[in-house]
Amino acid sequence: MSEDQAVSIDDRLKLVTEGEFAGWSTWHSDAFEQRAGPFYERHDADGRGIAAFRAEPRHMNGGGFMHGGCLMTFADSAIFTFARDALAGDHAVTVNLSGDFLDSARVGELIEATGEVTRAGGKTIFVRGIATADGRPVLSFTAIIKKVGKRD
Amino acid sequence: MSEDQAVSIDDRLKLVTEGEFAGWSTWHSDAFEQRAGPFYERHDADGRGIAAFRAEPRHMNGGGFMHGGCLMTFADSAIFTFARDALAGDHAVTVNLSGDFLDSARVGELIEATGEVTRAGGKTIFVRGIATADGRPVLSFTAIIKKVGKRD
Amino acid sequence: MSEDQAVSIDDRLKLVTEGEFAGWSTWHSDAFEQRAGPFYERHDADGRGIAAFRAEPRHMNGGGFMHGGCLMTFADSAIFTFARDALAGDHAVTVNLSGDFLDSARVGELIEATGEVTRAGGKTIFVRGIATADGRPVLSFTAIIKKVGKRD
Amino acid sequence: MSEDQAVSIDDRLKLVTEGEFAGWSTWHSDAFEQRAGPFYERHDADGRGIAAFRAEPRHMNGGGFMHGGCLMTFADSAIFTFARDALAGDHAVTVNLSGDFLDSARVGELIEATGEVTRAGGKTIFVRGIATADGRPVLSFTAIIKKVGKRD
């Protein structure tokens, strides 16, 4: 299972101070995610989360399009950004992640993911979202997250 | 969409001649997949495909377990290994990829994926599979692949 | 596969003239769907579709909650209501239908489904939606529809 | 959510004594499921479950093929047949149900579903299965079931 990347108060979540994503935060703990991304996140005044990154050649596949695994990795990170408030600091894991590949993403495009918690009751949190490439929908995804207790 | 990684005859598919995966083949073209993996594949006498890799610290997340995105990237590669014969050299893309995270995988474990084509009719190919860690099921996945024409 | 229930001009789609769903339309051709429902649909000025029905004892399961199969049948019908314009009269089939059961629905509640086409390119149409019970989310669903040619 | 239809000892599960499904059991409590089906189930000596029913005109849609909702209702019932031992008498609900529609089923065909529990740990049970029509795969499905405590 994939561990919680969305603890609201966590010293592993670093504020970016320069570059395209200045003002956004990024994680400094997920070996795989850091190499795949890094991905950036922020929350608006209403607590609504958004995740993003800039498509680079290293995110592509042999055909010159973004690899499906890259988009799914981004989605598996974004769902925790969307669920931050519902998680309320709890540790959590992904139980199910499903993606519909709507269109291809290319080098240089801005990949953004927005979404929502469709239900947060008890330990199970349901999420859905859409990832876009320069505003064009490329991935529609749903996920089920399960809380597994407070962090140490 | 994620491009076909499973063309049966493709000079980008290289035979591994040494190390743990000697005798297996691996792709030399998918920027993202090479950095995420590399992953290895082979087919038995019946044409049944299997994919595998050894879990390393770089595949993990902050919790010390394999990142869900790593498993989904592996699955998005393995489905083309399973569908090799059904693709018959056609170029194809992933339309849907869904994964149930059954258990966590850890550093040092051998990650293997086996699966089957549940239906291959016309341009749409349906696949399902299971990924294991040292033989323990960690991901159950299904995918829909769409052929998009012959390669150049 | 489940056949298209959403052809915009079809003499099987009857206008309801009385009762709770007066002004809505319902299908008179789907044996299974009629017995499961009937379900009702309408489109607003922007062509956005909505589907609905009133929960009755015959829609429930042994526990007194709406059966998951009833909600999935309703969703498999609603996706064609949402995709009406994208289908443009084409015959189509469901390729994938996935549902997250968010909450239980009870006898007497108004079940409504709203949704959107996330991508309509070529023959493949991607849809997602939410079904509610008296406004409370009970099912989050995604579907992939494939056009299979013009109707006779 | 859809209630548990798989309690191993339950007076609502009746043995069929005549007709095509003599020797199988069927449920006498699920209003929706009884009208959709009824569906029949049995378990072999190894506890492996199988579910089945005979396709009738009332299961079809306007195109003369089995309605996707009928197949999903059957799948939502079959997953509890497969999970009988893992449930060990616990009450449970479906959290996610996903189906790939592989082919169409027609009137008169024998619809059967076989499957397996891919993981049963704690309160969450993962299942996958295949439904066939006269032996021809028509639906590949996965589901996540959550135990919600002992029955009264």
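Per-chain residue numbering starts at 1, and chain names A, B, C and D are given in the order in which the chains are listed.
Here is the rule we go by: a contact is a pair of C-beta atoms (placed from the backbone, for glycine too) under 8 Å apart; a residue touches a chain by one contact, two chains touch by 3 or more.
What you see is a predicted model, and the numbers here were worked out from it, not measured in a lab.
So which one's got more C-beta contacts, A-D or A-C?
A-C
Between A-B, B-C or B-D, which shows the same interface as C-D, counting it as a repeat when over half of the contact pairs match?
A-B
Find the geometric centre of each of subunit A and subunit D from their Cα atoms only, then give the gap between the two centres in Å, rounded to an integer.
The mean C-alpha positions of subunit A and subunit D differ by 35 Å.
So, what's the distance in Å between the C-alpha centres of subunit B and subunit A?
22
If you average the CA atoms of subunit A and of subunit C, how far apart do the two points sit, in angstrom?
30
At least two other chains touched by the same residue of subunit D: list those residues.
Counting only residues that touch two or more other chains, subunit D contributes 95-96, 98, 100, 103, 144.
Give the list of subunit D residues in touch with subunit C in this complex.
1-5, 12, 27, 29-33, 35-36, 57-77, 91, 93-101, 103-104
Could you list, by residue number, the parts of subunit C that touch subunit B in their complex?
Going through subunit C, the ones touching subunit B are 95-96, 98, 124, 144, 146.
Show which residues of subunit A lie in contact with subunit C when the two form their complex.
96, 98, 100, 102-103, 118-119, 121, 126, 128, 130, 137, 140, 142, 144
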